[in-house]
Structures are given as C-alpha cells and as structure tokens.
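Per-chain residue numbering starts at 1, and chain names A, B, C and D are given in the order in which the chains are listed.
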C-alpha cells in the first residue's frame, strides 16, 4: 500500500522542458517512478529521457500515455493555470513543487480541486515519496528507506533530516509527504493523517511542524479523536525570532500564539510524544511501537 | 400538490420597499400567498402591509420569519447580489422578476444555485402561480383557475392569454410557470416538465415557446423520452421579422434555425400536438386528455 | 449594441490581439490619401456596416492601385448593404493568408454558460461547416468559478490540430477574446476569419464585438456614441428605441400594438392566420402608462403603411383604462384618424370598455374575434 | 510588503473608503505648516512605521495647538519605535469618535480561504476581545466562485448590531476592503479602529495594507519603492533580501547557515538545546550555487557578533561539493578568519568532505554531533 504514490503511479511532469522539471524528471525516473509523459505547451511531439513523450496538453498525456498523477514545475505566474489544467484533465493527484505561488492562486486551485474531488499537494513542497515504490518530488532518494513509519511535514530539508535519522536507526518509511509551508496548501496534516491511519503498511507516524499558524493544534485535535496509531511530533522554531506580525487579523483568525510551547501543549494533551530534537524521534517511535 | 409554490410557501419579498415590490407584495398577499417577510437593506425594523416585518438581510427573514421562498424585485444592477444572498440564506426557491439582468450575472447566480442545490426561476419572468394556493409573481390573478393543466412558458402576457383561454374553456391550471425570456435562465422547460410529470394534480401540460434558440427542440426531445402526460405546444413568432443575427456563433451554438417550422417539426416528431393559434389549445388539451 | 468592425479591431489591438493596421475613411479623397499612407500595394476596402453577410453582399473589395481604391470607395460609400447605408469604409493591407480559422465567444443558452468556439475551417462558409462537419467545430464551456484559463485555449488549439508556436498564439488570442467577452459584458466576440498567414502569424482579419444592452450600465464609455449606432434602424424604429419600446417594421398594412413580446408575436401570427398582413411589431411593454401608450400609438400614426390599428392588450400590470384613455387622446391630440380594432382584457377591463364606448369605439374581449374583425376591416379600408 | 499608514490610506481613499484627510511630513517645520493648512484645532500626529503596536509604544500623539504639534513632531521624528526609525509623521484632524469598530481581511489557513472579520468592539484591545469575548468577533469566509458580495458585508454589519444607514456604509466599506485584498493580492487589509463618528459616519481612522511578496510580480506599481520599505531591516538584513536569502539577526554569537527554513530553525533550536546562543537565522535556500552560498557566508563574515560559523547542510538539490568550495573560497577571497563547524550530508557528501579535508577543515555528518561541537567550540573563541 503506502499512500498517494506507489507502483500504480503513472506520472506526467508539467514543465518537463524546463531546467528543474527536466532534472527531476530524470531523477524520479532513475528512482523507478513510472514517468509516462511530460507536458510543455508548444513543444508537443518531442521525446525526453530517451522515450518519454512530451505533449502540448495534460489531456493528451492522460489520453495517450495514461497519466494519473502530475508533478508541476512551471514558474509561479503560470502555476495556477497548470494546476487547473491538471485537475480538468482528470488527474487524481497533483503535486505542486513551484514556490512563490500567490495564495489567491492556490485558493482558487484548492477550491477547484475540492469540487472535482481530486487531491493537490503543495505548493512550495518537496513532494511525496513511498520508498522503494515511487518518488514524486525533489527529495534526495538516499536518505529514505522502505518501512513502516509515515512522515508528514510542513518543511523540506528538515523532512530529509528526520527521514535520515529514522533510516540510520533502522526505521524505514511507508510514505513521506511534504505538504508545503505556504499559508494555503492543498493538503493539510489532517488529510495525510487520515490516509496513514487507513494504510496497512504504516505502523507509526512522525509529524514535523513549525511555529506559526494553528495547523499543529488542529492536527493534535484530530489525532486525539481519530488516530489509533502512535504519533511522534517535532516542532521547529523554538529559538526563531518572532515572525513579522500580520496586523491583528492573524492572531484573531488562528486564536493561538503559534509558539512551540502552545503546539507542544496541544500535542501532549492529545497523547502525542513531542521530540525535543530530531535525533530523539527514532527512540520515541521505537518506544511507541513497542507498546 | 401543484409544483413550486403552494400552501407551504412562506414568501420573502426582496425589494419590498420599492414601488414594484410593494405593489406586488400586496397583490400576492391579497391572493392568499403567505407573505412572511420583506427585505430592504438599511430599513430593517419597518412593518409593511400592516404586519409584515422588513429585515436588513434574507438570513434574518429565514431565521425570524421562517421564509422558504423569495421573490426579487430589486433593480438589475443589484439583482445578482440579491439572488446570491437568497441562495446563501438557504432559500429553496427564488423567483427573479427583475428585467435587464446582464447574462453574465445570471450565469453566476445559476451556477451558484446549482452547486447549492436550490432553484431559481427567471430573471425577466412573470413568476409562478398555483391557482387557489399561492401566487409568487406579477400575473393578473383573474385569468387563472384551479385545475389539472400545467402551463410552462417563455413569455409573460402570452401566458396570461393562454391561461385565460383555458379558464374560459373550463380547464383550470395546476401551476403556471413563466421561465423568462432571457438568454440564460435559472429553470428551463425540461426542469418544469419533469416537475409536472411527477405532480399528481397535473393531467396535461401546455408549453408556450417562441422563435429563436433551441429550447423548444430540447424540450421536444425530453418529452418524447420522459413524459407520459399529454403535452400541447404553441410557438409564437411565425410572422416575426428575422431577429438581429448573433454573428456566426449563435447559429453554430444552437445548430437550428430557431424558426417556428423547425420547432413545430421537433414537437410533432415527439408526439406533441402543436396549436396554430392560442384559441386552439383548449380543444387540443381536451382531445389529448380524453384519450 | 453592435460595434463597427474598425471599433472592434481597435479594442482587439488594445488588448494585444494582432489585427491588420488600417484606416477608416468617409470620402473617396480620404480613401486615396489613406492608400498612399498605408504604402502597401494590395489592400482590402471594407464597408463599415452592422448587418451580417457583408462579404456575400458585395461589401468587401480588393484593390492593387489607387484607381481601384478610388473605384471601390466610390462604389461602397453611400451605397446600401442589406438596407443599411455605408457611411465609412476601412482600408487595410491585404493579408497573405494560408489558412482561415474561426474563433468566437458567445452565450450557449442550453448549457447556460459562455462558450468559446474554434474551428480550423473558418471563413464565409463556417455555418455550412457547422452543419455538414460538426466535428470540425470545437467548443469549451466556461465555469464561472475559474473563468476561461490559458490551458483551455491550448486545449482548443490542440483540438483543431494546431501545434508549436501557432498553438501558443491561438491560445493567447482565445484568452484575450474571452477577456473582452467577460470585461465588456459582450454577447458576441468573434473573428472570422482568424487568419493564419504564410509567415505563421495569427491575425484577426475580421472582428466583431456586440455588447449586451442590459449591461451597458456598466460600460459608460459607450453611452456617448450609442446614437450613431442607430444607423441600422429606420426613423420610426429610432424613435421607438428612444421611447424604450420594441418596434420593427414589416410589409403589411395592419398596424399592431400588443403588450409583451410573446403576446405581440402571437397577435401578428393570428392576423396572418386569418389572412391579414401586419405592418409592424410593436410591444408596448408590460407596464406602460397612458402617456407611454400614446407615444407608442404616435409611431403607428406616423407610419404611412399602417391603414388600420389593431390593439391587443391583456392587462396585468398595464391597466385597460389607461390604454383606453391613451387611444381617446391619440384621436384628439394627435389627430389620429386611422381606424382602430381594439381588444382589451384583464385589469380594469370594464372601465376601459366604458371609456371607449363613450367615444363610440367598439371593444372586443376575445383575441380571435378581434383579429378576425381587424383583418376583415383592413381589407375594406 | 507592508505599506505605511499614509500609503494605505491613499489607496483606501482612492477606492472610496472615507479616511481623515491629513498630511505626511518629515520635518518639524513642515509639521507646523501642515497644521496651519489643516485649519483644525485638534489633530493627531502619528509616527509612520511598519511595526505593529505603535500606539502602545508612544507613536501616536494628540495636539491642540501649534506648540503641541511642534513638540509631538520633535519627539517622534528621528526616534525609534520598536527598533524602527521614524522618518515621517502623519498629521490628521482628530475624529469625534463615538465607537471604535474593527474590520479586517486576511487569509485563514485552516479554512484555506480569505476571511473578512468584523467587530463592534475594535480598538487597541481587539485581540483581548477575540480571546475573552469570541462572540463579539464575526467572520465571513469567501468562496472563489462568487467572491465577497455586498450582501456578505450587510450580513457582517447586521451580525455586529449595525442598522440603518450605518449598516449600509459598513457593508460598502467591507466590499471595498475586500476588493483591495483581492485586487492587490494582499495578505492583510485592516482598519482598527474603524471609527463610527458622532455624526454617524464611518471613517477608517487607521489603515493597513500588506501585499503578499509572492504576488508582487502582478503589481509592478510597487517595484519602484520596494527599497525604501527596507527601512525596517538592518544593513545586513537588507543585503540578504537583495540576495534573496532569509536572514534575521538574533542576540547570540554562533552564526548559522542551513538550507531550508525548517532545517535552519531546527538547527537554531539544537544549538540552543545544547546551551549555545545563535547569532542569526540564515536560510541559504533549497538549491543554492557555490557563488550564492559564498554571498551568504559574506553576510556572516560582516556580522561582528558572529564568533563562529556553524554550517548545517542536508543536500538535496544543493550539492555538498558546491558548499565546500564556497567555504574554501570564502576563507581565501573574503579573508574569512572566523572558525567553522561544518555538517554536510546528502548529495556529493564525499566530494565535499574531500575538498574541505584538503583545506584542513573537519566535517561532521551527524547534526547532533556537529551542534554539540559548535557550542563547545564557540565557548572557547
């Protein structure tokens, strides 16, 4: 099983003729991901990576190459269009790597996806890997190992760090999902936790949060009600300078200070062990699963 | 039974402090319609028609007066806002009397209604009457009589004419629905035909069409597949001058000339009797129901 | 409100849709000077009219020297095309067209949404293509949540067989045409042909932009020149538009006034059914006052083809007594001597009947009976 | 990008939201002349800074004569408020406020949508109200299909107890503030207090408009003045912004560079956990080149508080060999003599390790071990 991506993934890379898109298409294919098509408007007819066809539209990639998952590398000003195209073409999972997408664009994409019943991950995220099965993202493959720990995170490189620590301790991962750090993201902690709960290969979950917002508090509330599997959390930013304030509105909306202390309290109350350093995580996972 | 409006209708009049809204609110109440509230922003707290409360918002009219149906008289530039407010407040049926609503506004309202699963009638329509039960519209009550013929029409006064002819021939009406003549309307022939088919009080249906577009052709196709009750059609405009053309696009979109001949052919092929004059309608109904 | 080709092309250019760069002129001398300024051998001289089918009606001429330009301008300026006088011509460089495409945006009533329509087989025969080869016409319907996005333009371009740079340009033009449709509250934005030149460029060889009258309140920029656009109407039709009533002239002799478009159409049909010939269509509207109704009568009074006036009113908001008083006043203050046949029913019917009876005018309450009488009376006038 | 109050108020006024009509001045003399021009006895003199909590920090003064204006301007101009230098003050007529309302638009991360927030209990204590009387705060979330419509403004106004003409004005202002939010790709549009005057008018006594940096590509109108907005940052923070890296100064002595915001935050936390004090936060980004990394190092080189540099890289797109070469070059071409503790892992780790070993620099592969070493070494510098 694993979640989101696996052997059944048939990937189309939107923006495959760009520098980043091309590089990571090759990396993902090398990892064993089934990269079935690229899309680059006006460049339909090309072949890349020896035999991967490039199309003008995602609809062609779906129809002619059987794509069911998309990863987006197109620049921010065109990212919304690319996501909507992917949703419109019937792609079931779209991973948006692109950084600097305006939140108003993400908002429109997220609503459109919700109405069509399809899933977005990101933007501004490292993507998803199910080690040994498929990688739909930009993470360095070497730090991951197949196993039973699900990882979900708002961060990029910190996710790699935690996965590396798990791997070094002999704890492989079922799937690792970077949901992205933007104010508005397609998939939140709750969505991924729900998938991990249902996934038979996942035995424990690591949640990596950050200061700011109330996503971790919401996740803690969800875990306490819906998760039977053990969860270990780590929250970065204890030492971070206070973020630039968003007027009064930010504080009114979230109703939390968004500090590591507040988030730690929420997790502890939900029965979630909170690691003080990333290196504590493997031991906490081991202890939790032993019970 | 009847369709759309009846004794269970609890009506809020949006724009009740305007000239038209006030006049017709009184007329509808006099007919026996349960007019429970009016809405006029900034005038909340007033009472009109002796005891009908005026609210600032439709939500108040729903919450405090139990409104479930709305009729809109607000001027065209504010009509979209009024319709969206009505939908947002959970009103199940909104009748838009206002003329000259830009089609782009109607388009947005129709989509919003469809997603919320509620019904719009109009704009630019006379409304709906279920004779002897409730009138949610601007039609002259005197021409209608309670009975078993359902009437659906794109026209206003022509609907009154046909109803008058039916009434004079002793054929009362279950409900009479003016769907409006604008390019984009909330409820089409098909929707109303479906309701009449299900309505136990309706024994036969009169459909009043006009030249232009392909709504009648679509209705004919629907009748031939889904209607068990007899239908008589009348189409106005045999002698009308050819309409101002909408470039090539209009003809391409509808794929029909939109003439009375084309529409008559479609109805005849669907087994629908087509009246040559309005006065022929009662006889055709009588013949059809006798079988 | 329809815009002239040259006005639509200006708007196309402003938003970045390529069009030929021409000049509009209203005299033969200007046409010759414009030809010199364009400094192109081959040009096209196009009558600026609002009616459709201009090309087939001879409104487009090609010219390759100044004499031909002069002759084209002379022929077109002041001529009538499908009843509309040509007041100006547009002179443009002739395009080197390798293929005629079609691109249009309009309302699809059945789908209750805007539709963007494309074909690789554009040109004068596009409607024939729509009938005989429906697969050559591609459509995209638009969801208000997201509007028309660039990818939809690419889907259309791809579906009509375009690739490479041309696919991108076509998609870009489709997005821009939709922006115009949405931004101007248009009922039609169209380019036919949308020319693919031998150089691989896409250029709007023709341009149409019709704005929904009901949305003009949001587009004050057109309020100044709405009068000049009345050129397509007769004097009385213009008067009717200024009064805000629907009036169209026909070939017969029975003048007709009804209230409501549907009832008025049905009235015309009934007159025809009983062997008469309507002189016009005049919808006095759903709630006209005594004064408004008299103004409407004055239009028929001034139409010399009207030999008899048939009034058919089923009063809802309209009141029969107002109509009756308007008729009485018209006979006095307008000196209207044409015979009337009058049908009144509905609100205040008895009062109306009484007012007209006092002036010696007979009133019918049944539409069929009245129509038969009108046809019979008209044949005797 | 944050706008100054006077800039936000100009934009509010342009869209039709009432604001007090004041003047921005940068000197005491100008302040006196502005007071004379305003011809109002009671005015308010407001420091133009981008930090929040200005009022509580003494950045707002009232004055009723020219001497008081002079004194207020003298006190404020050139002073520092929460670390930000006051370069200008805004002088406005004092409003006759009967009630302080609150109105703001921002992003609600949980609901993944914009939210418009209103309260009848606005003013400096609004956040306290949000905690102690959550029912006094009303919200409307916005669906992208229809946006924020006038009726939603009326619902908000009604829900906070407004009626009559005030309900209409409040709704109108809410619609306009949402238009600004949407049109400017804002992350915050706020007025607190939104003043209800004794005359029953609603006036934006304060105005905030922060634009999402990621959307600035759509708002070229602000590209010219983005430099002046850097006033709130230190010299090195400004340099970092120009390089496009995230850099914030802190109070400690261990300089830190990580790649990725989360890893860099975790690195700071780890240093602190082991008893050290970070001198800064510096995220070199996810895919920085050798040159970019050297530029990032130069910032720490120029920061006198940095006694030791801790580099923590888990390379994905970034390559360890690039990082290693940047460090070697920084030591040579920047003459960077500060000690380094370096942790490298991931892409091209071995190559990076080899390059640094050749320069006599030890490299750790474990983050914990490296952090402990850095804290230990820093204590000895």
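Note that a contact is a pair of C-beta atoms (placed from the backbone, for glycine too) under 8 Å apart; a residue touches a chain by one contact, two chains touch by 3 or more.
What you are looking at is a predicted structure, and each value in this text was computed from that prediction instead of being measured.
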Checklist outcome for this item: Joint neighbours (chain C and chain D) are A, B
Checklist entry - Whole-Å distance, chain B centre to chain C centre, using C-alpha means? => result 27
Checklist entry - Where the centres are mean C-alpha positions, what is the separation of chain A from chain B, in Å? => result 50
Checklist outcome for this item: Distance between the CA centroids of chain A and chain C (whole Å) is 55
Checklist outcome for this item: chain A residues touching 2+ other chains are 108, 111, 115
Checklist outcome for this item: Contacts with two or more other chains occur in chain D at residues 144-146
Next on the checklist: By the document's touch definition, which label belongs to this structure's chain graph: line, ring, star, complete, or other?
Outcome noted: other
Checklist entry - Which chain pairs here would you call touching? => result A-C, A-D, B-C, B-D, C-D
Checklist outcome for this item: chain C residues touching chain B in their complex are 52, 102, 104-110, 112-115, 117, 126-127, 130-131, 134, 137, 139, 143-145, 182, 185, 187-188, 190, 192, 208, 210, 212-215, 217-218, 248, 250, 258-263, 265-266, 268-273, 278, 281, 286, 314-317, 345-347, 366-368
Checklist entry - Which residues of chain A touch chain C in the complex? => result 41-45, 56-60, 78, 80-82, 84-85, 88, 108, 111-112, 115
Item to check | Sites on chain B touched by chain C in the complex | outcome: 76-77, 99-104, 107-108, 110-111, 126, 138-140, 142-143, 153-161, 164, 181, 183-185, 188, 208, 210-211, 213-215, 218, 234, 236-241, 245-255, 276-279
Item to check | Touch list for chain D against partner chain B, complex | outcome: 145-146, 149-152, 154-155, 157-158, 163-165, 167-168, 171
Item to check | chain C to chain D touching residues, read off their complex | outcome: 144-145
